[in-house]
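Read from first to last, the chains carry the letters A, B, C and D; within each, the first residue is number 1.
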Amino acid sequence: MRMLINVPETVVPDALRGMAAAHPDLTVDVENRVVVRRDAPVTDKVGLVSGGGSGHEPLHGGFVGRGMLDAACAGEIFTSPVPDQMTRAAAAVDAGRGVLFIVKNYTGDVLNFDMAADLAQDEGIQVAKVLVDDDVAVTDSLYTAGRRGVGATLFVEKIAGAAAEEGAPLERVEALARKVVESSRSFGVALSACTTPAKGSPTFDLPDGELELGIGIHGEPGRERRPMMTSHEIADVSVDAVLEDLRPSGPVLALVNGMGATPLIELYGFNAEVQRALTERGVSVARTLVGNYVTSLDMAGCSITLCQADEELLRLWDAPVRTPGLRWGL
Amino acid sequence: MRMLINVPETVVPDALRGMAAAHPDLTVDVENRVVVRRDAPVTDKVGLVSGGGSGHEPLHGGFVGRGMLDAACAGEIFTSPVPDQMTRAAAAVDAGRGVLFIVKNYTGDVLNFDMAADLAQDEGIQVAKVLVDDDVAVTDSLYTAGRRGVGATLFVEKIAGAAAEEGAPLERVEALARKVVESSRSFGVALSACTTPAKGSPTFDLPDGELELGIGIHGEPGRERRPMMTSHEIADVSVDAVLEDLRPSGPVLALVNGMGATPLIELYGFNAEVQRALTERGVSVARTLVGNYVTSLDMAGCSITLCQADEELLRLWDAPVRTPGLRWGL
Amino acid sequence: MRHVLDAEFFRRWMLTAAAAVDREADRLTELDSAIGDADHGANLKRGFTAVRAALEDAPPETPGAVLVLAGRQLISKVGGASGPLYGTLLRGTGKALGDGAEVTDAALGAALEEGVGAVAKLGGAAPGDKTMLDALVPAVAALGDGYAAARGAAEKGAEDTIPLRARKGRASYLGERSIGHQDPGATSSALLVGALAETAEAVTGG
Amino acid sequence: MRHVLDAEFFRRWMLTAAAAVDREADRLTELDSAIGDADHGANLKRGFTAVRAALEDAPPETPGAVLVLAGRQLISKVGGASGPLYGTLLRGTGKALGDGAEVTDAALGAALEEGVGAVAKLGGAAPGDKTMLDALVPAVAALGDGYAAARGAAEKGAEDTIPLRARKGRASYLGERSIGHQDPGATSSALLVGALAETAEAVTGG
């Protein structure tokens, strides 16, 4: 086990303490594992709350700040947070105009956020929910828990966050978030498994020279194992997988995301191949973001997320944002 | 070999193409491997040029932009670039007020930048050089090539970049850069070796359950191997190593840096321990930066860099910066 | 069987379950690692540690209150899919038990049926989907034949998940590749039913 | 020995060196991996590939010009420590050869001494520091006894770096831990001297 930790049990609170020390703009409630914008609740603004299992950093805590989330709840590693955290977060950010829960589509996240929404509504907070389900590796059918929420979460948080910052009402923020979800699809590839602190060994066994296609962000194996491929081939497969589900009629936002242990130099090289693959398929790219944004601990690998973006989404994407993980225009 | 690449030979140009696609603010000369601010040369501004072997991303290309570098030269993986790149970069950014070369102290970087400075001066460009040598793991004596340049490079590029952006003359920018070098020290720890594309296997053999203390950023083993330690212990050892060389009389800038494959959640947890260790030793921290900034491909591990910062350095640190890797205030 | 079960019985059940979870946590995580995200053991351990602490802190006085308290702890401490589901199981069962100081075996059987029903409703799963229901549903059905029969049915139900293809929860992402692995939640359910049987044996002689 | 060496001789030397570097690149990288940064083989391969291309493109007409061109290629294509150092070695030697169409063995010996001196000056290293100089300096000293002797001296010099503690270059960062490993640069220097001897044997009969 090659981990820079003390003991598995304190990984999450230790990280939150370190986050608090690095980011004076955030209020970090380490005990309850809630990260909140220092200026929350922001007068007359819809509050945005997300959260999920830890291990995907900078998602979600790193996206708390002006123009994005108002609060994030950190669960244990790969474990959805509990309803108490979410209601606490909702109460901390509600300025009377309601709160949007941004929920990645996993059974645990859905159940816990649902319970939290009920509790928050009991306390008089107006709550809307949007479910992010962009991973095309999972068929959305009666025979699965539905597509997973992965990279599109960043797009939803950024774009809904910008709308909320502009003063849009809850229904509008929710509708925009839903529009982003519907316009976004992702596909991920693992070159290595990740190691959770609690388990201490890789979550699955991936021999050198093989890769997993269609992985999620929780160390679960993918849908298919293949002999190692070049960056060129991985880009082709990933882009094809996404485009099979999403046929963009206009320009897209592209997220070329690292799973945690893939060096930036490789991600940039992969981005070159993704851009090529998209161009070859007639898809034009309006904005590209390359980096480790929605990760899976120390997994080596990558994912791509495309979001068909009309002028409104583009404008909201370009709007100023000031968070530890994403910052521009401020 | 678990790499997201095509072939080892094209890793650097592939990455530069992907960088160009992601960052319209940069002009990327892929053939000559030079990354330049789109608005270079900036009228009346001293030009800042750095560069070095690739594999340390976002250093240096990711720090090109307003308030930081004007140009960066990318060498092969872990290999200093050649003089031709540096003179080309100098010519591209010189606005008549001279150019500062920021050079990490490695034999190769020093020799190549020296040759380039001679050539650029022959072409009528005024060139000053600053050597960054902050790694306390290497004793600075007649018996070594001198301390290595590691994390302090980011501080130098940011602070000298801010001064240049304000219009300071070359001597002033150079003096500030030198002041940052003198005020900065680093120490690094590896939990795993890295794998260069050309070699395809880890550069050294580090059994699970052991770590290397005092590593550099080129996959070279450290000064000492020890049984695995907790984040708490690693922070103590690292902080002690730095403070043995740097006795700050005032507040410091702290960089808690990941080597590439260490997840952000671990880095934040490590930061909590670094802050504790510093507080226990009476050192106050003015600003903290946590993340993968000066990396070593897919190495797991971390380094800390402290820079004693007076009000002037702090002001320049806080000044606006707009680069792919570091951005605030703009 | 024809026992009268008091709050102490339910407290012992929960503590026995907590001990079983502690003992088997690594195995549960290992199973979850094959077709999930390698946290099921840690999740339940955290949850039942909280249950144990809560029951020691302020032991409730009725069977129903014991289970409701335990269920609340799981909801507040576990997270993930299993937190709300097991929390709902115990809360639902506890509520169905009412607030009498003692309950009969038959009442427990009926209450468990309600609890399991609440789990099915919340999670939308049915037997055969490769979830905890594959152990819980046969266990409740077998309860009429005694606690030992229920344990046997739960264990068999858990083992029988091996050839199933998951249709709910994280394992469903694997499609065909979920086949050949035992479901972690069904396995932990068998532990809970096993703890019930063990408690019944110890406290009442079976 | 007493030969007259023309431009063709020097071209063949460089091409033989390029072939040797291609062949031994992995070994050089392996050595550099132990006490450096695992790029020495790739560096020299890139450099000598450029040298080969340049010599084929527009073969220079004098011995001096061949080495100066080769040296320039190394400086422009290699980077790292070895690029400027080997570039300086060849450029320095080439310049010292002057612009005659042919040179004597003795003139080559004297020119190489200048080239090696330029390397020592540029890098600030001395024999015993565990660098390429530990192969180059004894090789030049042995050149009076013929090319084969020079090769032998270079190879012995390279091997003799094993017990040394590095005082220059990247290996010096390792301190004591640099002991016990052969220096990659000294090893590649032995290849270059070996290529010279091989060329002499082939072209002139030794």
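We take it that a contact is a pair of C-beta atoms (placed from the backbone, for glycine too) under 8 Å apart; a residue touches a chain by one contact, two chains touch by 3 or more.
Since we're looking at a predicted model, the values are computed, not measured.
Following the contact convention of this document, A is the list of chains adjacent to both subunit B and subunit C. Centres computed as Cα averages put subunit C at a distance of 74 Å from subunit D. The mean-CA centres of subunit A and subunit D are about 54 angstrom from one another, to the nearest whole unit.
Subunit B and subunit D, compared by their mean Cα positions, are separated by 32 Å. Multi-chain contact residues of subunit D, defined as those touching 2 or more other chains: none present.
In subunit A, the positions touching at least two other chains are 77. Taken as a contact graph, the chains are arranged in an open line, each linked only to its neighbours along the path. According to the touch criterion at the top of this document, the contacting chain pairs are A-B, A-C, B-D.
Residues 29-30, 33-39, 41-43, 46, 75-85, 122-123, 165, 167-170, 172-175, 177 of subunit C are the ones touching subunit A in the complex.
For subunit A in complex with subunit C, the residues that touch the partner chain are 8, 53, 75-84, 106-108, 111-112, 115, 137-139, 142-145, 148, 196, 198-199, 203-204, 216, 218-221, 223. Within the complex formed with subunit A, the subunit B residues making contact are 1-7, 10-12, 14-19, 21-22, 54-55, 57-58, 62, 77, 191-192, 208-209, 211, 228, 230-232, 234, 256, 260-273, 275, 285, 288-290, 292, 295, 297-298, 300-302, 327-330.
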